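Note that chain A is present in both complexes that follow, paired respectively with chain B and with chain C.
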Partner chain A sequence: MYVNNGKISSRQTLRLYVFDLMGIATLLLPPYLAKLCGASGIYAIALGTGAGLIYLLYLGWIMKKMGTDMASFLHEGVNVWLGKLVFVLIMLHSILTAGFCAYVFTNLMQYSLVRDSSYAVILLIIVAVAAYAVSGGIESRARVYEVMFWFILVPYVAMMLASVRDFEWVYVESVLQFDSTNLGKGTYLVFLLLTPLFFSLFLIGEKEKNYGRNIVKTISVSVLFSGVILLGSYVLLLGNFGAKSLASLRFPVVTLMSTIQFEGNFLKRMDALMLAVWFFTLFALLNLHLHYGVRMLTELSPKEKKRLQWWQLLLPTVAVFLVAYAIYLDRRFLNLFLGYYSYGAVPFMVVVPAFLVLVRRKK
Partner chain B sequence: MQKQLISQHIEENEKAVRQAFSDCDDLKVRKLSIGKNGSVKGFVCYIEVNAGNNMVNVLGRMLAYLEGLSDEQVVENVKGNAFALSDVEPYEYMEDAILGVLIGDSVFFVDGVARALKIPDQGYPKMGVSKSEAEKVVRGSDESFTESEKANTALIRKRIRNTQLKVREFQVGVRSFTNVAIVYVEGLADPKLIQEIHARLTEYDIDGVMDSGVMEQLAEESWLSPFPQFQSTRRPDRAAMEVLNGKIVVLVDNSPVALLLPTDVNSFLKTTDDYYNRFHMATFARIIRYVAAFFALTLPGLYLAMTNFHTQILPTPLLMSFWQARQGVPFPAALEVLLMELSFELIREAGVRLPGTMGNTIGIVGGLIIGQAAVEANLVSPIVVIVVAFTALCSFAIPNEEFAFSFRILKFVLIALSAWLGFFGFLIGIFLVLVHLASLKSFDVPYLSPYVGAQLNEYQDEKDSVVRFPLRMIWKRPIYANPHERTKLKKKEK
Partner chain C sequence: MRKYRMKRSMLIVLASLLLVGCSTTELEDRCFPMLTAVEYENGKVSYQDAFSKEDDTGKLGAKERDYAHLKVLVLEEDLLEQKSQYEAMLEELAETEKFPRNTYVCVVDDIDDLFEMEKNISQDLGTYLEEYLKKHEEKKDRLLTLGDLLDEKENQMMVLYLPYLDVEENFVEWKGYVNTSGKSWQESEIE
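Right, the complex of A and B next:
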């Protein structure tokens, strides 16, 4: 009646995308941006967010041309083998990215919460829990984040605001000095973290003339919202640590949380509790990619059985675990992934949808 | 609307009554043959359990009076109400007669007479109706469901005097033939849901059904989940209120517990007096209950994570006092918490099984004396006693026992995860519970409603969630009600 129809509401889409985008961006981006652009990283965030919005408009145009969600389009709109190839490529991309997310997530948890525990065990738990979350389908995932939204966002914003008292203007005074090459790189970096927007092509909207209009409208609010959060976080981090220190920190936003001291004598430091923010946001991103890894495999499988089969869930999950563990064991795999993500993923996500529209089957 | 006059023809009257009470298995129509030759047809109709001694007496006297009369005399006597019985009053209109039945009277129709006779009865059942002990409220009715399904349907009908309140009865149990009734308001409940619950309740051949809990377990979709997917209540006012919201009530004979469906998390944390009290009070009570539910699940786990893994959260003096309190305790903190929690569950179980006053005694003996002795013997630290006691208090604040039980069970999972992995394990546990709740549904309604999918009902359901808006603002029925009948409150047009 109301559940398991593959659709999620606008509010769910908005909240889900905010979680997908803001978690890894606030966690990983600031030190890289600080290294590349310093205070002018602010512009990089603004420009990157703008690029994300343009990309979203482009995806909206693609949706309109397809007239349906991408999965249906790949089944019915293009050559069968081309459709299968694209499914495989998206599956590989999803698994690789999920593996990277799992790697970052495990690192963060081990570094901040369970230093004495084995990396493999933490990773295994994270990936297994993510698989369980994915087994409930997209609606189940969307519902979790619909409920958690304010519980995560309000404490985060409150903590960031609490850090204002240690803010030093001197650290952000160099905001007008920037190097255009580095600014370009910074912008690209911000845009890279907005690439989960690609999966909006798979969201099921109403079958209407302007297919995808509502989806694009909703997600653009998420992009703007995440951009503002990222911008605010970056300014505060910059004002608290300065560009040089910021560039050297592993997870500066977590460090910032640990420096905030509350008045009174109870719950003095909230950094451990505040890790819940990245716990849930990184799970959102990991789940997003694992979900699409599983979904692509399901799309490639014969359609006789409606329900998700155990192996369709297990194979991508194991693959994600192996990718994450490989990155952990050997830094070369990390460099390989970053190389792929920087130079392969973006062209794929930009070019392939347009190509598919161009080579669509004539009715 | 124009009222319909009672017909002279008994068949038309019977048809009208049966039509008005279609799908109302609690309505009884007893046909009679009256007069010297027994050739005058008549019938008496009433809600089943309402036929008390008064009705039998009055009807008996009437029939005795009519027994010796010819057909014409019977008709004349009924027309003129010549029984010299003060209890009997005539009805001219069918709607009044139907309302009379709904109020709890019996109504007597005779062929050839364009009126019906009301035989007043004692009204709705009082016999065996006891005070609600399990779901106490500060304000509101004290009545509780009984062990008779018939009486229970009558207790709902007492509150909703409408022929659209339907009671569909059937038997379950190949050897027990237990009566089961599905009660709903036609037009408000989703017809697909009525079919589905009927199908689920009759899906199994079972020897016997001794309580509604058996039907609940057999009809649940996610039967491995610790969370109940039916709401249970012992309160007729709760059942009646939910029926008016579009829910369906399942009553099982010999069980004082009614099942309500569909349900959601929010329903388990509501009480009937939330609606009887002003919205400030209701909202405050609800916030307290939500917080209590959270701590009933998380407090021991959170305590372990904070004291064993992330001591930096706590100020040093507090940490020192914890440490001092634990001096001499031979067990690790996790085992200490686990022992205390298990002891508490033991006390609770013993208290429930013992007869009334002894049950209370065991609570005092267990809670105070054993707890105190355990602290003095250095078996547990005082802080753990406080944590466990507070957790127990929180679980008692959850109004629904089955729902509270799921929190009590999952609390142990969180204890284990937190003891193993600290706050990370705690978060994993919370996330797992959330994911499970998000995937759970009760008859296709998301379990986390109205916090998810609220747009389907224009966000109106959120007005009756943690914050209970003023009653005049809660004008719409919840999502599970028939989409065409969602308005439940509107101002009368002047």
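Right, the complex of A and C next:
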């Protein structure tokens, strides 16, 4: 029932990962996939999800080889300086990705709710609340998401099903035509958003048999679940907007929610309520990366004090704010981040764990 | 100590929420058009709504138009015959996102007659037309919205038929359909 780190249960892990994976994927992927692959983007989603599952199996093998969680392995299993370097790199990755999540989250909030408000103020509030959530520990967040899970997903699925009314088959007829190069790019794009799986290496802390298999099994369900949600959402978006129009929209899934019409005073404004899906899921992803940014800094600090120090929380939080604000101010920073994520982050997350296992200290 | 710190953090977060209100427009400084008509005259596209006259005479003051409650977008027939102007209008609406995508769209011969009619009906024109179109939708096909027009501008895969209404003194009548290139059909021809 419980994951071997003794902090969050398998069910909480599963739900946390569904939130981490499905939110940003349903929000950002469809326009890019529509531009690259059109209707055949559904194959890219299936292949990308498959690649995510293979990656997860690979991480399970790494967990088995490490025999402990990644943080302990970096302290005890490899050269001290190599361990510190990897901690620093993961910290930087976490902060950059958290900054990007905060940027998207703030954009979404400003775009859909408070268009006239200051970007910096919204960003500041979001980052401050995220830091407060991180200070409460992963288990407190996991409990919140465990409770919110069905409250978020049931209305989401209901809204998506309601959009079937406006579905045009003519927009999905070209599903059998695809270009293999673009399909490959689309698959990679889907896989990019599954990279939070890397952090499953940090989830466990006790040396017991089969712990890796337990985590892999739990998170596989999250990956499959998110893949199905993404696939269903993509087909409906495609049938409602058409590939070219879908590619031109900023947040098509939010637009779709706002065009679905319900009768009745309360249900009429379901679209505003549905924004909670992305508020919660993006917040979960922001928290995940900020949490690991803070944790890596803690791992790098001297171990005299066990409790989290204020500066260990403040420094990554300020860095996340600055990254998000820089991306907002200058698009070149966004391109830099996307370049790093496409060509740097994925190779790092795939190659480094195996490299660490290869260069481990002999006992 | 921990409780004190928590209270302090909460206070800072709550206080910062107050800053959000600085640049927003208050409710009393807004007006909410329920219907907007797009007119093509002397080579120009212009937007008319129930507040246009007040705006021209300066009675509207500094009130800002908020289109969040817009129900119907009415296009003048002449506009559909001007392909480049019609496409430029859609381009602008897609870019500015000022009208909701789920706004119903219909076509009339003369929008002045439409605003004249408003004087003879008991409710605002937007609500009246929305109810009229919805009643018709129950019997016929799904009505088109602004979102459909914007999507088709990009996709170019379908021919869209917009409801064509004839305006009488105090009611409107469904005459048939007009496609987006300006050609009109009687209802019987479509069926």
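Here is the rule we use: the second predicted complex is superposed on the first by the 349 of 363 C-alpha atoms of A that agree within 3 Å, B and C clash if a C-alpha of one lies under 4 Å from a C-alpha of the other, contacts with A are read in each partner's own complex, and residues count from 1 in each chain.
Operating definition for what follows: a residue touches a chain if its C-beta (ideal position, glycine included) is under 8 Å from a C-beta of that chain, and two chains touch if they have at least 3 such contacts.
Here the structure is a predicted model, which is why all the values come from computation and not from measurement.
Enquirer: Identify the partner contact of A:283: answer first if only chain B is touched, second if only chain C is, both if each is, neither if none is.
Expert: first
Enquirer: Touching A:109, do we find chain B (first), chain C (second), both, or neither?
Expert: The first partner, chain B, only.
Enquirer: Taking the superposition as given, does A:166 touch the first partner, chain B, the second, chain C, both, or neither?
Expert: second
Enquirer: Contacts for A:132 in the overlay, against chain B (first) and chain C (second): which applies, first, second, both or neither?
Expert: Both: A:132 reaches chain B and chain C.
Enquirer: In the three-chain superposition, say which chain, chain B or chain C, touches more residues of chain A.
Expert: If we count touched residues of chain A for both partners, the winner is B.
Enquirer: Kindly classify A:146 by the partners it touches after superposition: chain B alone (first), chain C alone (second), both, or neither?
Expert: The first partner, chain B, only.
Enquirer: If you lay the two complexes on top of each other, which residues of chain A touch chain B in one and chain C in the other?
Expert: Residues 114, 117, 122, 125, 129, 132, 258 of chain A touch both chain B and chain C.
Enquirer: Over in the complex, which chain A residues touch chain B? Could you list them?
Expert: Counting only chain A, the residues touching chain B are 1-4, 9-12, 109, 113-114, 117, 122, 125, 129, 132-133, 135-137, 139-144, 146-148, 258, 265-273, 275-276, 279-280, 283.
Enquirer: Flag every residue of chain A that touches chain C in the complex, lowest number first.
Expert: 114, 116-118, 121-122, 124-125, 128-129, 132, 165-166, 168, 170-171, 240-245, 247-248, 255, 258-259, 261
Enquirer: Show which residues of chain B lie in contact with chain A when the two form their complex.
Expert: 190, 192, 309-310, 312-315, 317-318, 421-424, 427-428, 431-432, 434-435, 438-439, 441, 443-446, 448, 451-456, 479
Enquirer: Quick one: which bits of chain C touch chain A in the complex? Just the residue numbers, please.
Expert: Residues in contact with chain A: 9, 12-13, 16-17, 19-20, 22-25, 94, 100-102, 142, 145, 147, 150-158.
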